[in-house]
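Sending over a structure as structure tokens; questions will come in a sec.
First chain written, first letter: the chains are A, B, C and D, and each begins at residue 1.
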Amino acid sequence: MTASQAELLAEVLAEIGARAAAEADRGRVADYIPELAAIDPSQFGLSVVLADGSQHSVGDAEVPFSIQSVSKVFALAIALGRLGDRLWSRVGREPSGLAFNSILQLEHEQGIPRNPFINAGAIVVTDAALAGHAPREYLGELLRFIRAAASDDDIHINDAVARSETETGHRNFALAHYMRSHGNLENAPELTLGAYFHQCAVEMTCTQLARAGRFLMGAPGMPRMVAPGRVRRINALMLTCGHYDGSGDFAYRVGLPGKSGVGGGILVIAPGRASIAVWSPGLNAQGNSKLGTEAVETLARRMGWSVFG
Amino acid sequence: MTASQAELLAEVLAEIGARAAAEADRGRVADYIPELAAIDPSQFGLSVVLADGSQHSVGDAEVPFSIQSVSKVFALAIALGRLGDRLWSRVGREPSGLAFNSILQLEHEQGIPRNPFINAGAIVVTDAALAGHAPREYLGELLRFIRAAASDDDIHINDAVARSETETGHRNFALAHYMRSHGNLENAPELTLGAYFHQCAVEMTCTQLARAGRFLMGAPGMPRMVAPGRVRRINALMLTCGHYDGSGDFAYRVGLPGKSGVGGGILVIAPGRASIAVWSPGLNAQGNSKLGTEAVETLARRMGWSVFG
Amino acid sequence: MTASQAELLAEVLAEIGARAAAEADRGRVADYIPELAAIDPSQFGLSVVLADGSQHSVGDAEVPFSIQSVSKVFALAIALGRLGDRLWSRVGREPSGLAFNSILQLEHEQGIPRNPFINAGAIVVTDAALAGHAPREYLGELLRFIRAAASDDDIHINDAVARSETETGHRNFALAHYMRSHGNLENAPELTLGAYFHQCAVEMTCTQLARAGRFLMGAPGMPRMVAPGRVRRINALMLTCGHYDGSGDFAYRVGLPGKSGVGGGILVIAPGRASIAVWSPGLNAQGNSKLGTEAVETLARRMGWSVFG
Amino acid sequence: MTASQAELLAEVLAEIGARAAAEADRGRVADYIPELAAIDPSQFGLSVVLADGSQHSVGDAEVPFSIQSVSKVFALAIALGRLGDRLWSRVGREPSGLAFNSILQLEHEQGIPRNPFINAGAIVVTDAALAGHAPREYLGELLRFIRAAASDDDIHINDAVARSETETGHRNFALAHYMRSHGNLENAPELTLGAYFHQCAVEMTCTQLARAGRFLMGAPGMPRMVAPGRVRRINALMLTCGHYDGSGDFAYRVGLPGKSGVGGGILVIAPGRASIAVWSPGLNAQGNSKLGTEAVETLARRMGWSVFG
């Protein structure tokens, strides 16, 4: 990164931070998980790791938040490591065209979820990643993976959030039982969902999450957790499927692979250039962080980071 | 392009050409349009224009074919030029999750097609591009646009193919009438579809199509038909929606924006690096050229052109 | 009919007429066909023909109205007469669970409409009834059938209404083209729909319609237009499918086979006992005459005419 | 019943019994519940109770079988007795147009099942019938209701079958959790389904079931378990919704209200005339007893019992 680019980044981050602080319409905090509904919506943080390893942050970048569906990226990396391409017999690679928790598509396609980033698909991925181990062992591996990726051992699961999801997660139980009825769940729904709810309850700060995303940058000197070909493919899936039924819009506006979570966090990758984590609890109509989406749109445009030229 | 890259490209093209010639399973030629059903399935052509302006081809790259849905890219560029972002009130930007000619989604979403690259969306785009002009005038503008993009005046519409579609295009008539019943078609279905069928019947060779795609490369010295921001967005739409319900798979395997047509052609863009046209009439299960998809997968992997790093 | 039953019927009709006149909430007149939108919503008529041949009426029973979808019953009788059970290879016999003009189901079931009383099914029935004849000949036969059934030659087609539907009937054109694309339409959509729109534009009074329904009563001395087994089956279809997605509710509340039209008319059969025609232009949420439905519910309950005991 | 009718019935029953014994194509025994899959498919029984109280049987009419979904009729009667019309805020009254265990419709209609006779609707009915009581109490009431209706105390629940369903009933768990996520289940899914699976596991013989159906005949001298108006309405629901997506066909062919179960039993009511129970384990494509359907079609036609004249 040249000095002028560093200056530009500093300027853009300052601008983004100021605009986020001033924004009146901050979206709606998810209310279906009681523990998330209580989060203060005024918060906003963003952190960027560049290819030279430097990290640049703004706002509440050190406040831990529930990464929720962003965890699906790490789970996918683990499941692919364990099963390789056999995973794709159980889950597709196409955008869903439906809400994140839709069960309708499963009926059309005989219990095979369309991709690993909608809930049904992520449940199958977790089920596959369990691979005969107890949820506790899998969750241990997941934390080791994330901690190694982030080079930070202070990353944990919030048990209260996990429990909260277990109690209210009837839609996910419906998805799991439905797939089980089609033979596409190896473990008992309770067991797979136990692992899944805990996986979603991992807590990280923006600075931790941006570092954890380095393994997807495809840049020299970054942690290499999976093979380069797999990095490209995970990025491709994030771009086409990472924002539920707002994936096309995110690609159109931001032009970068990303994965959002209902906790308001988004992990965004600028291949070869940057790993970006943004967080703001209020969501837009598609269930993605409103201010977070706007921030990375500005960042990508100003820095010229779109993969589309 | 360095000498070693030029050598690599020559080697890769030779390899692709040889493999295509030898391939036994060539997919199925589309049979619903009589004029297309008669095409010899043994043909294969590929042409690449690089950022330095040089062009490299292999196989039947000088044989004209019906570009069919690839024309949707040019129509979109024209409609965006005419209407700007107002176009997005009539058509969405999300992958469809359904077959290219599905009418089901229109019922769910009140006559608003999900994106400009499925048939319903492209019909709306053409309807919008007409903007009060006669089909003849619009088709003249379309040809002028394509010829200027390709720097080649010898590009024409095959009237026999257009007529053939008019006679058998009941599914497209159903889509058009359906959208008209929802107030999302300004012109009579016959009129818009007349323009649409002729637009699909444009004939080009691989070398012409690769040159016509240069305006989407975002590289200096290339024809500039639309603004850079719009180029990025058209590329984003091609990546998320360019291959119907095989878009996710194409992104996963190839990692580049592309738009396929039922005639067996695909236009693929490697932003900043190359414009690629490939053609082979046999289609895979998703309705995209089987050998064409395989060829660009190899090309992108060997040249390191994926946008995902 | 005993003297006391005659008295009861007179009393019930008077009560129904009085209540209809006083009713404030009369539903909404259909507005998608301009000619229908202009009808005075304050009108209400009802006429009953009993098994002894006597006819009893109340309200505007001599005002002609557009029978619209009630015509589907007569068209079905003609098509079954022509094709017999072969008709059922082109249209099903199951309730649709969807709106009267849904196209969604056609996609699920490959162009085969679920029953002859939704629009798609009725279009197929008319297409089959044409059987190689010109629309004019078919419409002549339809009028002869209805006139013979009603013993009344003064029944006609309102050309202005037919033309009005032709001009605005984009949804029906969509259905017809869609079925044609699946090979389930023998004639050009324009031709079949020309016949269909004219068929819907037959005008009758309540007294005429009640008499025209006598052939479905299955009572001695009534006009015998079709075989007894077929009468029972047409009645069964009217009960399960005669009110679009309100068929279950009509069966629950009224307990009699009936077929409604968007013009506000309903033909209801009490097998062995009565043929009933009711008309009031305002529709309920399911698109069936609001006051008409309420009137036959009262009539059936008070007279003990439910087929369910 | 006149002597000649009695003779005719005897003749028809003998004929039905003989034909059933000789039939080669007996349909397919349901295999998704292990306990049912083991049933001998060669069995066939039929029993008729007439308005004069006489009972006439043929074949294996004394062999107990699992009534499965036929139990939904008794559960509905109990739930209506407890809640009255308030029940209809939680479940609709329209045919479903989909398979018996479809979850798709629930997504379209926000967790409100279309009718009480598809699985989702029956689960809601059981949930409502529980009304704060323990499953054991509800099941006690259900058995008391059925025993009183049948005038026979020797009717029991097969615990092995109930357990078998509990273990394999993932689709039903999916439905229950889905409705719970929409707030349309008052009890924990495990609790409601515990009651539901046991309810389905009631075992009866044809002679017992025919007697248990007498309360729906609407004839003098029969057990009066619910009010006459409610009898008519339950019959209406059986006619429009009693055979899943084969309801229209059953109404067309048989012309009588009926409710089938996956165990191969069907309860059929000829209002004012007869209560009929038929059983044969092999199912047709719609999941209804193949020989059972054919038998009641013959019976209704020969006896002139269709409600449609």
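To be clear about the criterion, contacts are C-beta pairs under 8 Å (C-beta built on N, C-alpha and C of every residue); 3 or more make two chains touch, one makes a residue touch a chain.
If you're wondering where the values come from, they're calculated on a predicted model, not measured in any experiment.
When chain centres are set by their Cα atoms, the one at the greatest distance from chain B is D. Mean C-alpha positions place chain B and chain C at a centre distance of 48 Å. For the pair chain A and chain B, the distance between mean C-alpha positions equals 32 Å. Looking at chain B, no residue sits in touch with two or more other chains. A ring topology is adopted by the chain contact network, closed into one cycle in which each chain touches exactly two others.
Each chain pair that touches appears in this list: A-B, A-D, B-C, C-D.
Against chain B, in their complex, chain A makes its touches with residues 92-98, 105, 114-115, 216-219, 228, 231-233, 235-237, 239-241, 245-249, 251-252, 255, 257, 271-272, 306-309. Of all residues in chain A, those touching chain D in their complex are 102-104, 106-108, 170-171, 173-178, 180-181, 189.
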